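Labels run A, B, C and D following the written order; every chain starts at residue 1.
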Amino acid sequence: MDAQSLTETGTFFFPKAVNEYAREHDFLHYMITWGGVFIFVAVVGVMLYFIIRYRYHPDTNPIAKKQVIHNLKLEITWTIVPTVIVMAIFLWGAKDYLEGNVAKQGALEYQVIGQKWSWVFFYKEGFKTASELTIPVSKPVRLLMTSKDVIHSFYVPNIRLKRDVVPNRYTVLSFQIDEVGTYQVFCTEYCGDEHSSMWAKINVVDDASYDVFVATAVEQVNIPPVELGEKLYRSYGCNACHTLDGGELVGPSWQGLLGKKREFTDGSSLVADEDYIYTSMLTPWNQIVSGYNNVMPSFAYLSDKELSGLIEYIKTIK
Amino acid sequence: MSEHKIIPIKYYLGVFSALVLLTIITVYTAKFVDLGSLNFVLAMFIALVKVTLVGSIFMGLLWEKNLFPLIFLAFSFIIFALFVSVSVLDTSSRSSLYAIESIYNRNDSRTPIKIDREGLLSENDGKIFRPRSEIIELKEQIQRDGIEAVLKEIQEKKEAQNKEAPE
Amino acid sequence: MSDDTAAVIVKSPKGFTDHKVGHHFQTADQEFSSAYIGTWLFLAQEVLFFSALFVAYAMFRNLYPEVFAYGSSVLDWKLGAVNTLVLLFSSFTMAMGIRSVQTNKMKAAFIFLSFTFICGLIFMTVKYFEYAHKIAEGTLPYDFFNSEISLETFSNVAGIENLPLFYGLYFVFTGIHGIHVLIGMGLIMWMIVKVRRKTLFAGYYTPVEMIGLYWHLVDVVWIFLFPLLYLV
Amino acid sequence: MKIQESLALAEEEVNYLSPGKHQGIWVFLKTWALTVDHKRIGIMYFIAVIISFFVGGSFALLIRLELLSPAQILYTAAQYNAVFSAHGIIMIFLFIVPSIPATIGNFVLPLHIGAKDVAFPRLNLASLYLYLIGGGIASVAMILGRVDTGWTFYLPYAITSETAVLFVGVGLFIAGFSSILTGLNFMVTIHKLRAPGMTWMKMPLMVWALYSTSIIQVLATPVIAITLLLLLAEKLLGVGIFSADLGGDPVLFEHFFWFYSHPVVYVMILPAMGIMSELITTFSQRNIFGYKFVAFSSLAIALISFLVWGHHLFVSGQSAYVNILFSFLTFLVGIPSAVKLFNWTATLYKGSIRWRSPFLWAFAFMVFFAIGGLTGIILGLLPLDIHLHDTYYIVAHFHYTMVGGTVVAFIGGIHFWWPKMFGKLYSEFMAHIAFWIFFVGFNLSFLPQFVAGSKGMPRRYYTYLEEFTIYHQLSTFGSWLIALSIIMMFSYFVASLMNGEKAPMNPWGGKTLEWTAVKSPPDEHNFERVPVITHGPYNYESEEENLAKQNRQKNRGAS
């Protein structure tokens, strides 16, 4: 399912707000923006008026015998007034921030791992999905996030939240989505070549569908290896680097990989077989095909079933 | 320039002997007297006294009429102090969000998650982390035993895990 | 060029070279105080240069107190103490050296400055032995760390796997300080040459005074480093 | 033949540009390369930063070109990343930071305070060479080594990246010292070399701005130097301070980096504000309104700028308490900027405003900076920043303050001081056209990015969702207009050098020393005799009274 469009829904500035926090956020933003526009128009208006009213003219050159160059009352006013305004805004913002960024009681927990260049979600029930998180509607949710390599950032425009995902540390993102739908997730911390396609989706479904989803997901462990492999190819971000049609991306294409002779940067070479693919997924840095860089991370956290599914899938690509 | 004051030698000698004495006190208290965390405070305090001595006598700030260097130096030390304290405040209160959460959810009986490097994720999947040391170890192992042996080992481990899993 | 006639000249005693004040200064005093303020600004810059290291130290000491306690207990505090005394003495001789130039006692100035230089040399030699010892033991930053012994014996220390971090900080800290000492030694050498050539005298001692300030700052940094790394 | 040549020489005016001009190319180059004259050093900086600007600008055009289409059209991901990194690094470290202080500052500062030179002329030359060497190493490494870390060098990416980060680090480390030494030099100059009678309250506001800038340069730049050094140590030795695997903390790097990089945006904007004060007073022929407030607001900005670095870390997993603290401090820094804007507006009141090209840029500055500043308020707010962080909103805000602020003021300053620098006038007509093209192009380029960003378009993407196409295309068209205007400027400035009209001593009717007491272009030693200052820098009242008298006489004569 495609994610909801960000530009076509919602208001002029924002994508659709899907929870209370987002609506409050938008209100605050619009208020300050319009306030800013008002100040801008006022200041620039006054400026333009002065520029036109007091423009130079050789005959009627306005002459101020004594120029006003100081007015303490005016100075103090335009120092104090902005101070008061920004302090009020600050307090409001701080309050919103605290309310919007703490987990509500009884939140469902998910664990998120960001790695070059995909998102993996771990569920309490023991299964995991890649690039797609499914959560029930109107339930508080809490994501416990970490990264396997560099810093990423988990960003959902529809709920106006993002948080960096830092290696060897956990960061938390708490929210609740009140509308059923599919929402776009971006990585917003620059993380390397395929940063632009490190996307995921959040599926928000009603309670019944969520139960069904969990049940099938637990069962789905039994799907045929090739199908599993194809699914993994798309969801784990393999497609970000490896094409199926011989096209060039960051990594070598998978087209007709089995039986092809591989030459490595260290000078050695071998004919690609299942064993080679298996090692390449676990320790990709050991055998780097000539002409490519050492960018692939280890996929050692995949189960054996998933690994063999991928191998079987690669075998089918002629 | 000619007005520049020549400082009597006795000041230099006095300061030098004071510095030596303070160094001996620092070493003695730090190594042979156990004051707990006060040791650190004491050592820093003595260092501060020493620096003041060096600054005011050796560097001649005590006799300097131009206050600007002193003001600017003080400013740079204030920035320095802020830099240290705010950065340390950050790292020592990273889990503050949990504290705030517990204020917002007073009745929540959920035990706060302790964030440590072992990690909560290890409950779910043992191999979430591959710290650099582990990868280097693996690399070395491959160089030492050859890739086949290592792979075999990994496979055996996995099999062993899979055997455990159904139970 | 044409108005070089206006240049101010500081007259020197017999046998010394006169000092010509820079063409853009009005008086010799203006030149001296410019250099003086400039040097202090440079020292303030140095404070901030070292600040990041102190931040890192404070932060990781806060995070891994046991590792830092263990790490500093392994360093040889006696060598550190010797080095502290050596640097303090060199600061003293530096101050005396400047004073001698100010009072036109050139022989004394030469001796004091030479002592300062030798103290720097002793400091760096001690440092060399410390480094050599660590390299032999393998207690180095992470990429070169290969000391299994300390890790195994002290496996009861919480977070001992972060010990290389302590050594990383140690080497960066002392290394950058050591580079400052080396630069200072070079500058002092230059001053010794200047004293021999008789271009410094009671009326003009700007460079030696400025380098003195720098040398004292190097001392000040070490005054903090010594207890932080070796003692507590 | 010889006699004719020497006659021609004698006729030609002698100024700071002339020594070595007629003695062959090598002597000419040598006199320039070894000069300690602040004006020549300023001109050499000017040439160097203009080259940086053209290189960085070309990279900007290349970025915009790729973003014409949501799919990949021109380069691979790695190439795109290298291009935007090069744009950022060159523009920030090699162009904007030295742009105003080192070029205009070097040229104007001693003239403003009535000095023969800066306090340490040889150090000034050394700074130039440090900048050239550091910038050279960094640029070559970037272009050959395809550095792809972005200008922020966030770890652990910068360590894992297999590009020439190491050399760029070394280059920027060296260039950083150029910045420190320039700041140091200026501070001492302002302290010790003011002409007799010039008290602190009689200095032109540009000098106040440069003074505040220098404080930041001296105190913040060493932090980036040590940070880069630690980055190198991390890469070579595995020190571990920033590496999560080794017990370190990548967020600490962000602290270090922004402890420098936030103050440094004020290194960029403060001298721009100084130029504004000069332009507005000169072209409204009016004394500045609230001199003390404008002067001290510069200092206030410099001091507060050290306390707000954490607002770049709102989403980094920084402690919530620290977030709130930094949000609070961030608002404080907006106030002095607002005070300045109000004072400039008030200065226009009852002035005699001439719509000349430097004033056009001053006007543009106030418009752009108002937009940049007001969006800054939005970004200082925690909840709003969390949504907008690392999106195109940030890109737009940053360009409104840095391009709309600093670069616009820089261009305005160049238009303003060009006659003084080279003694030639340029085509006012062309300048107006170039300005309006820039004005339209700039807004077209960056206004759509505010909307794209708040709709959720992340930055540093080379492919993007199709729905964002229209915003990016508008931006790209705008970027071409900007390029067109810059090329126009370049051509009429070159034309002015070749056969421009000779500039009078005071073409704008300015009141500061460089207009009233120095030839255009100046002599090698600036002032014929040391000026004695008796009144404030913008003493237009007396002038206007004189003018009034003249006018009255003229009118009487006519009637």
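What we mean here is this: contacts are C-beta pairs under 8 Å (C-beta built on N, C-alpha and C of every residue); 3 or more make two chains touch, one makes a residue touch a chain.
All of these numbers come straight from a predicted model, not from anything done at the bench.
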item: Chain pair with the most C-beta contacts; value: A-D
item: Farthest chain (mean CA position) relative to chain C; value: A
item: Between chain C and chain D, centroid-to-centroid distance (C-alpha), Å; value: 35
item: Centroid spacing, where centroids are CA-atom means, of chain A and chain C in whole angstrom; value: 48
item: Gap in Å, rounded to a whole number, between the CA centres of chain B and chain A; value: 32
item: Multi-chain contact sites of chain C, meaning residues that touch two or more partners; value: 33, 37, 41, 44-45, 48, 51-52, 55, 59, 63, 142, 161
item: Chain A residues counted as touching two or more neighbouring chains; value: 98, 101, 168-169
item: Junction residues of chain B - those touching two or more other chains; value: 68, 75-76, 79, 83, 87, 91-92, 97, 100, 131-133
item: Residue numbers on chain D that touch chain A, as the complex places them; value: 76-78, 81, 148, 150, 152, 154-157, 160-162, 244-245, 249-251, 284-291, 293, 315-317, 320, 323-324, 327-328, 331, 334-335, 338-339, 341-343, 345-346, 348-355, 363, 366-367, 370-371, 374-375, 377-378, 380-384, 386-387, 389-391, 451, 454-456, 458-465, 467-468, 540-541, 544-545, 547-548, 551, 555
item: Chain B partner contacts - residues on chain D that touch it in the complex; value: 191, 219, 223, 243, 245-246, 249, 251-252, 255, 259, 303, 306-307, 310, 317-322, 325
item: Complex contact set, residues of chain C against chain D; value: 1, 3, 22-26, 30, 33-34, 37-38, 41-42, 44-46, 48-53, 55-56, 59-60, 63-64, 140-144, 159, 161-162, 164-165, 168-169, 171-172, 176
item: Chain D contact footprint on chain B (complex, rising order); value: 68, 75-76, 79, 82-83, 86-87, 89-94, 96-97, 100, 131-133
item: Chain B contact footprint on chain C (complex, rising order); value: 10, 28-29, 32-33, 36-37, 40-41, 43-45, 47-48, 51-52, 54-55, 58-59, 62-63, 77, 81, 84-85, 88-89, 91-92, 94-96, 99, 102-103, 142, 161, 203-204, 212-213, 216, 219-220, 223-224, 226-228, 231-232
